[in-house]
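Both complexes below contain subunit A, partnered by subunit B and then by subunit C.
Right after this comes the complex of A and B.
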């Protein structure tokens, strides 16, 4: 089957590889609840913020996946999929399709398979991965830097320069933090590290970004060792 | 200033292209190590730098310090098997020095090659020899040119 885009840049990728990844998406337990059939009303596109600013259309996902066009699927998997903001505005579909949900599954397949597009998309957010995996909190107040959040306008400079004072104005003491969204108990971090290690998440990160993996493994190893766990023999925990 | 897209590569330093670090031979068997102008540009405003403790031995290619900017984190990798002789306290207390003065006040650690380092000099390049390699590195990372904050010191 020809791709919808005749000049597809992935024409050299073997069909078997495209099919393998497509099958992974369709075998996901959430798949059955994401797509019921699309009559191209365009409500999802009208509601989609990404469609306003990028060459992106949630309707294409419903269409291509229903058509099982694995060539076009592979293009979406490597390119426009990363333009979705995962806001799920598209779920106002009158047929209860969930293009954002399709993309959630596709992104997980891209990450699990260490696709280049996943690596490229995540590079700029490596600290967010690092934060959530090392502390369980995704957003740190000190991320508010002028060069990373120019959309905050001139206020972001003043906020970033006096962050400690701003944070101490927040009533709960657990929020008097700048490097973390809130204070995280050591016990929580130990449990988190065991989960990442035992579920294979840490290894998945290794295939995506060797640098973050290196840092995370060191942080985890140190804390787990303090609590009597050997990171190289972690299966014995079970 | 080199002729590499607004990037500074001082001529008296050695460079490791893949790890994007520079080394300054101290003449006593030790080297100061830091991030290049290209590395600080790619990182953006650095908010934390955590070098490892003096006395630690680090294998080649392993993390010698962790650097964090707004949304990015990455290791500073050891270019050869080495022992950390000292670390720069200033970068720990104010990591923006890595942006302001990457080649002087922004040195991160001082290291000494260990026996396992072998022929470590072969991995290091002069500024002139590193030029093409860094050009390719920048192209790979979609970096058109280096950018410098206010008060940048060459």
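Right after this comes the complex of A and C.
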């Protein structure tokens, strides 16, 4: 069948594989609350920020999933899915469909199955994954560097040059750190690491980026060991 | 007989009658009655205030003894945002807890990359809620993303026994009880409820300050029924938070056609595909505001929105776009009204767009204020003090 996108860069797979991936999306716990039937009014597209700048349409997702077009589904899974802003403006839908929610599930399926397109989409983002999983805060003051945010303006340079002093001048005690957003207690980080292991989240990262996974595992192993846990003995309970 | 169609002002939007969705509070109490979880209740010690939400239900907002669930983006890059939330509590005399035993909600990562799953997200949420319960304070959420996400988690937990069982197994391993708060409360709902108290303490005149408001997507679009609405503001057709504070402080609340649009944050886009974020923020939000309302400032109530709207404007200058609107959080705006120091408390030097013209319009001598800040900075540089404290502010 003819592809939606003319410049497909991913490899095609057998129809059984597409069906398997499709079934994974539909068997997700969240699926039943995402799609009630689409009558193509286009309100979701009108509200969607990504639709204005990308070759992306939330209506297409609702339609393709409702028609169970697994070939088109596979294209979306490898392509425009990552353009979604996850703002959920599409929930303005008069049928209470949630195309953004469909995409959340599809992305998770893509990551869990190690799709090359998912890896490519998240390559530049992987150090953020490392930060949030290893520290419990996603962004830290020391990330405000002019080489990472040159387009944010001269205030980034000013902050980075004065970071230590300016950070000491923020009154709340918990904010007296430059490496984390706030000072997270060690016990809390241990609990977070346990959650990643107990929910299989660390293993998700292995399928996405082996390098990040290895660094993460090392960091987690060290802290868990200090608190009496052997990382290899912690299995997923979900 | 009235001629149809009725004008908007003639219509009465009756919020009574059959609600379109189930009541989360009743469902939580039902689960508690079955022994599935503990509901962290609001009691008289929190001085809860009842307020109306989108379809007329009441929501209870605690005033004090709150556990401040901080935002990583705020604390990391916009420290004046978090600082002013705490400052307002201190000035109004409401006790709170600022915990170190808190993790990020991790929802920024969840929406950016989906490198997580519902069980992990729910476990992170409930670990934080269990900690708040054990600490004896009621959760107050600083970030719009966290707030919307925790409302989503609540929906998923209520409707999926399998998820509840998974999370219970995780929490058992952590030795934590399975607790969910009676309400998921955003700090802007607290600011909305205390706006008259803020106005009573107002020392700066905002009559000549024109404000546009950007309501955060994850505040009012995710689990839309659980957001504050007021029939006296926008005829009850838009969320009342932030705008109500502008009104209470006597500033001019100006409208613009793209109020419903997202800011363009995109979760992943703001970090690694910023051409999208800054294009959308500039073209659909800032330029529209400039053309239609020409505000002195735009206010919002979410970390991602402040970041996107503020930081997107610099690069847009390269394309001669009509930009230059300072961006603040409602808490910073309220704090300035009450006389908070623009740099010691509001930490405005971390913001991108030049906000000095705004400060001048508010009657704030920013040069004097910056000189005071630099005096305090010298105390830190010289080692006289290690950190600046609340008393120094």
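Heads up, the rule we're going with is that the second predicted complex is superposed on the first by the 216 of 238 C-alpha atoms of A that agree within 3 Å, B and C clash if a C-alpha of one lies under 4 Å from a C-alpha of the other, contacts with A are read in each partner's own complex, and residues count from 1 in each chain.
Going forward, contacts are C-beta pairs under 8 Å (C-beta built on N, C-alpha and C of every residue); 3 or more make two chains touch, one makes a residue touch a chain.
In this text, all values refer to a predicted model and were calculated from it rather than measured experimentally.
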{"item": "Fit-or-clash call for subunit B and subunit C when the two complexes are aligned on subunit A", "value": "fit"}
{"item": "Which partner, subunit B or subunit C, touches more subunit A residues", "value": "C"}
{"item": "First, second, both or neither for A:200, with subunit B first and subunit C second", "value": "second"}
{"item": "Touching partner for A:141 - first (subunit B), second (subunit C), both, neither", "value": "second"}
{"item": "Which of subunit B and subunit C A:174 touches, first, second, both or neither", "value": "second"}
{"item": "Which superposed partner A:111 touches (first subunit B, second subunit C, both, neither)", "value": "second"}
{"item": "Partner chain in contact with A:125 - subunit B first, subunit C second, else both or neither", "value": "both"}
{"item": "Contacts of A:165 with subunit B and subunit C, given as first, second, both or neither", "value": "second"}
{"item": "Which of subunit B and subunit C A:184 touches, first, second, both or neither", "value": "second"}
{"item": "Minimum C-alpha spacing, chains overlaid - subunit B and subunit C, in Å", "value": "7"}
{"item": "Touching both subunit B and subunit C, residues of subunit A", "value": "124-125, 128, 143-144, 149"}
{"item": "Residues on subunit A engaged by subunit C in the complex (per definition of touch)", "value": "29-30, 33, 47, 49-50, 52-54, 82, 85-89, 91-92, 104, 107-108, 110-111, 122, 124-125, 128-129, 132-133, 136-141, 143-144, 149, 151-155, 158-159, 165-176, 180-185, 187-189, 191-192, 194-196, 198-201, 204-205, 208, 237-238"}
{"item": "Touch list for subunit C against partner subunit A, complex", "value": "70-77, 79-80, 82-83, 86-87, 98-104, 106, 108-120, 123-124, 127, 131, 148, 155-156, 159-160, 162-163, 166, 169-170, 173-174, 176, 217-218, 221-222, 224, 260-262, 264-269, 271-272, 274, 276, 278-280, 284, 311, 313-315, 344-345, 347, 349-352, 373, 376-377, 380-381, 386-390, 392-393"}
{"item": "Touching residues (chain side subunit A, partner subunit B) in the complex", "value": "123-128, 130, 142-149, 179, 211-212, 214-215, 218"}
{"item": "Residues of subunit B defined as touching subunit A within the complex", "value": "44-45, 47-48, 62-63, 66, 68-75"}
